[in-house]
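Presented sequentially are two complexes of chain A, the first with chain B as partner and the second with chain C.
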Partner chain A sequence: MNKYENNRVGYLMGLPYIIFFLLFVAYPLIFSFILVFHKWDIIGPMNFVGFVNFSHLLHDSLFWKSLGNTLIFLAIHIPLQIIIALVIANILNQKIVARGFFRAAFFLPVVISGVVVTMIWQQLYSQETGLFNMLLSKISLPKIPWLISTKLAMPSIAIMATWKNVGLYIVLFLAGLQNVPVSLYEAADLDGATGVQKFLHITIPMINPTIIMVLILSTLGGFSLFIEPYVMTGGGPMNSTLSCVLYIYKQAFYFNHMGYAATLGFAVAFIIMIVVIIQRRLFETEIYT
Partner chain B sequence: MKKVLFYIVLSLVALSFIYPFIWMVSATLRPESELSNLSPISRNFSTSNYRSVLEKIPIGRAFLNSLFVSCSITLSVLVFASMIGYALARLKFIGRELIFMVILFTMMIPFQITLIPLYVLMVKFGWTDTYQALIVPGMISAFGILLFTQYFKAFPQSIIDAARMDGCSDLGILFRIVWPNSIPALVTVGIITFMNTWNDILWPLVVIRKQSIMTMPQMVTLFAVGGQAPQVGVQLASATMLAAPIVIVYSIFQRYFIASMARTGLKG
Partner chain C sequence: MLKSIKSFLIPLFGLIFLSESISLCAKDNVVRLTYWPSSNPEEIELATSIVDEWNRTHPYIQVDMQPLPASQSSEEVLFTAVAAKTTPDICSNIWPGIVPEFALANALVALDKFKDFWDVAFLRTTKNILESFISKNGHIYQMPWKGNPIMMEYNVRLLRDAGIFKPPRTYAEFMNAAKELTRDTDGDGTIDQWIGIINVNPVWWHRFFDFYSLYIAASRGRTLFENGKVDFNNEYAKDVFRFLQEGFKKKYFPMGTLQGNQFLLEHVAIQFVGPWDIGFLEKNKPENFEYDFAPLPVPEGTPEPILTYSDPKNIVIFSTTKHPEEAWEFVKFLISKENDLQLLKITYQMPFRKDLDIDPAFKKYFKENPKTLKFAKQISYTRGTDNIPQLKEIFDAIAQAFEYCCVYGQQTPEDAIKNATEICKQIIER
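Let's look at the complex of A and B:
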């Protein structure tokens, strides 16, 4: 086999990807960058407007609102997700009966379409006939306005999203836990460490890469939130569940503001980058093995 | 005693992940007035909600659309991503590193940036309301390429050399020798791609407006938010029909689903 032969075959095999990349990744990126300096309703001609879209974005209270909503979502979703997933993963990591069944049960909502989960939870959260409020009134507690209150609507969506996704993170943590050497626990046992001490000083540091990964995956998930508010609340009440992607979608396809929607896309991507960098700075630790 | 309590609590928690789906199915099979009952059993069994869905929306057609789109994309990703993965893992050619960097770069771009320009591209191609718009932008996945590249790197060189001696071309080596020995990687990429495509709603909502091309989750979504069916039972019946295929496939292959998802996570 000579070098030339390898070159030709390599290019031929790589060609589909190069075409695909130029058409569906590079071109959209470049076009998007051009779009942010224009006003365009997709039907008429594109009008160059310079930095108008950016200055509009800085003063667009709905954009900041959608960003704030996403941060509220993340502030509830991420800790809840990590704690529940860690606890259940730890339980499933022990020798228990029907482990496979439990794992499969927690994983079930992960594979089911988000719209199905949202439609179910919309009924569970329903003010008068919902299961949650029925249970609350049965033990004579006041009903909770899950999706009606502007303060509670986003947290309610965050709880639902945690329920839907936690199975995936349980599985990821389980994989992480299985990589922790048993010898570390045995050494700690000899030193008389308690279960909690072992968890805090061995398990948590050893699965730090998995924690970071879960952190980043759920952050990306939070910034991609769309179908849940779209179906459940339409972004309401009073835009309290307007998510970033839902706002981009509305700007682009309700109002035909293509240039501004592209600007929003860039802004959201930039903020995702910053949030992820901050998270890595805060939580990434060196592992000594 | 402590052990029994432990299993009861764990079972209750697990039940809370399954019960909402059971409740959904039972809600579709009984009259609206019994919706808020906690118990899933009712005397007034009726399938009228399902008949109502079938009358109101062409959900069978949407199911076939989803099946067609998801199968096309999955097949295409398996063929193209494994081809490129093979080239990156086993062939030496100028520019290989560059292609690899480009793939990593692609994976890091949030879809929020490319959503709008991709839609504009579809409009320019005249592809809105066509199957091409649903299929072509998903035909190659950077994640698939990376997973195949990693997997193929561990493939024994001696087998490839032997096949080459026998005059086998690189494509022949890939599909006749590497593929049959890479079932786990194929299953992983296949399941993830199929599931992501099957459950995707945003992209179909953006490019498809014509009912005859709509995918199943899209149609159910629009049915739920569109106010076509004021009755909760009818809405949930459409949701049940959407969930059923995935639940059936999942209950048979759940081991592979979970293993696949765990593997993709490890990569990220």
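Let's look at the complex of A and C:
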């Protein structure tokens, strides 16, 4: 087989993905970018409007509110998720009873449909008949307006999203923890280090790449927050759970403002890029090898 | 032997070839139409029955029935289908609010181009209803099919137990009834029975079944626009917001979403619904469950008859059809008296047919189903929506105002209605 034939076979092997990429990634991306400069309602002709969509975005208070809501969600969800996942992964990395069962149990919510989980939690959070408020009433505590308070609705969604996703990050942290050389802990034991000292000075630095990965994945996942507010609150109360993606969805599929929705999409992508760069600058450190 | 086999086989193959050729020629002459009805089980049953009958009696115009593909709303599916040019020939689940946009995009066949359209339409439907569906360009793109007048459904036993022997007519009577009906029935310190339930999510179409129906009732049939201009910054709209705000403020309506059908579970005594609920309740109600219907509550002094929102669903022919004439024939079949009776029997929904409550063809049905007769009488006193392409945005603005004012009490009804009308004006001007 000569070099040309070898390359041809390679190209043929890659062809399905190249076609997939062109059709489902490159074409929509380019088309969306063209849409940014147009007004289009899907079924009518596209009208060129220049930078009108950008100008609208800058003055659209609801977009900035949705961005603020998303950042509130991230501020609660990411630390909560990383801390809980790290602690549980650390426990599941020890030789505890029924370790396999617990590893599977924590991962289970990840594989359940997001809509199903959201609908169950919607009932758990129900002001009048929800389990959480019924338990609070049993111990004579006041009911909490989980989803009907503007201050509590987004944190409530963040708690639910953490419960749903934490299993995935536990698995990632477990993989990271299992790659930490045991000799480092043995050396620390000889030096008389405590458990906390070992965790802070060996475990955390050694799994820093995993932490960065979890941070970035959580950020991307958090910015794409959609199902939870869509199903649970519809963006309410008073737009306090309106996320960026839900707002883009409403603009695109409720009102058929395709050009403006595309502009919002690019704006959110740009903001995600900035946030991820900042995160990497702040948290990425040299790792010991 | 071989010769005799040959003499048998050759004519046999000849016959097979001939019959296949005739069959292929016949198939070439068969027109095939695609029809999308709504995807709920009752309407699929209705559509199946109608299409079977049509196909049996029209061998050269065959209809393929396919329920509307599932989605959050039919409008989303239809928009996507129009954009992708994958629309069916006929669809019978068209919300009139979407028609102006489709008409602008040339996605629909103007039905008035069919010679007998007006004859057929006037024979079945009132002039008022037909006129309300005429587009700005003077054409009519939708055949009025059915309406679901929104009425007040009430639990007779719950009201009777609370000492209320006739359903509340005015807002004041409603609030007095609410005082009696909203309570903690099991003594655990938590309210578990309310007078009514209103969906609190700020989703645009939910407002058809509370604010908009109540607004039409209070204003005796006004819609949101007058001569193309936003026209709901008035006392009627404020009265409705005040009424709903008071209901939420005094906890007569539960906050949030409750699991299951709260009316069937007897946790709420009243709800605003269309006739479709009769079918659901008749199938699922427990023994001794008594319910009935009355017109929507109105402000003090509103004269009879009380109007309401019709929740209309109409029939259109999409311009992608290759057989408009045949599609029109099928539309006429869909709205025939026999099929209107089927519509009533299977779905409990009201055909837009004049004199429905006194037409002898339906007399037996209404005698056997007296609850549906109230809707048949109400259908003449209904309003649809305005023919405005931005209707979804308009209702979204109202949904936002409803949430801020009625549910959370953050704005006065006056400010909320004023702000909503200002936003609606901006939407129209944009």
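The rule is short, and it goes like this: the second predicted complex is superposed on the first by the 289 of 289 C-alpha atoms of A that agree within 3 Å, B and C clash if a C-alpha of one lies under 4 Å from a C-alpha of the other, contacts with A are read in each partner's own complex, and residues count from 1 in each chain.
Just so we're on the same page, a contact is a pair of C-beta atoms (placed from the backbone, for glycine too) under 8 Å apart; a residue touches a chain by one contact, two chains touch by 3 or more.
Here the structure is a predicted model, which is why all the values come from computation and not from measurement.
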item: Fit or clash between chain C and chain B when superposed on chain A; value: clash
item: Chain B versus chain C, judged by how many residues of chain A each one touches; value: B
item: Touched partner set for A:F255, first chain B, second chain C, both or neither; value: second
item: Touching partner for A:F283 - first (chain B), second (chain C), both, neither; value: neither
item: Which of chain B and chain C A:G234 touches, first, second, both or neither; value: both
item: Chain B versus chain C as contact partner of A:W64, first or second or both or neither; value: neither
item: Which superposed partner A:T129 touches (first chain B, second chain C, both, neither); value: both
item: Which superposed partner A:F51 touches (first chain B, second chain C, both, neither); value: neither
item: Touching partner for A:F266 - first (chain B), second (chain C), both, neither; value: first
item: Touching partner for A:I42 - first (chain B), second (chain C), both, neither; value: both
item: Superposition clash, chain B versus chain C, among 151-159, 205-213, 241-249 or 259-267; value: 205-213
item: Set of chain A residues, in rising order, touched by both chain B and chain C; value: 42, 123, 129, 134, 234, 253
item: Residue numbers on chain C that touch chain A, as the complex places them; value: 76, 79-80, 82-83, 101-102, 104-105, 107, 188-192, 200-204, 254-259, 392-393, 396, 400, 403-404, 407-408, 410
item: Chain A residues touching chain C - in the complex, by the definition given at the top; value: 41-44, 122-123, 125-129, 134, 137, 145, 147-148, 150, 233-239, 250, 253-256
item: Residues on chain B engaged by chain A in the complex (per definition of touch); value: 7, 10, 13-15, 17-18, 20-21, 23-24, 27, 35-36, 38, 80, 83-84, 86-88, 91-96, 99, 102-103, 106, 109-121, 123, 136-137, 139-140, 145, 164, 170-171, 195, 198-199, 201-202, 205-206, 217, 220-221, 224-225, 232, 235-236, 239-240, 242-243, 246-247, 250, 254-255, 257-258, 261-262, 265-266, 268
item: Interfacial residue positions of chain A with respect to chain B in the complex; value: 1, 3, 6-7, 9-11, 13-14, 16-18, 20-21, 23-25, 27-29, 31-32, 35, 42, 88, 91, 96-97, 100-117, 119-121, 123-124, 129-131, 134-135, 163, 167-168, 171-172, 174-175, 213, 216-217, 220, 223-224, 226-227, 230-231, 234, 244-245, 248-249, 252-253, 258, 261-262, 264-266, 268-269, 272
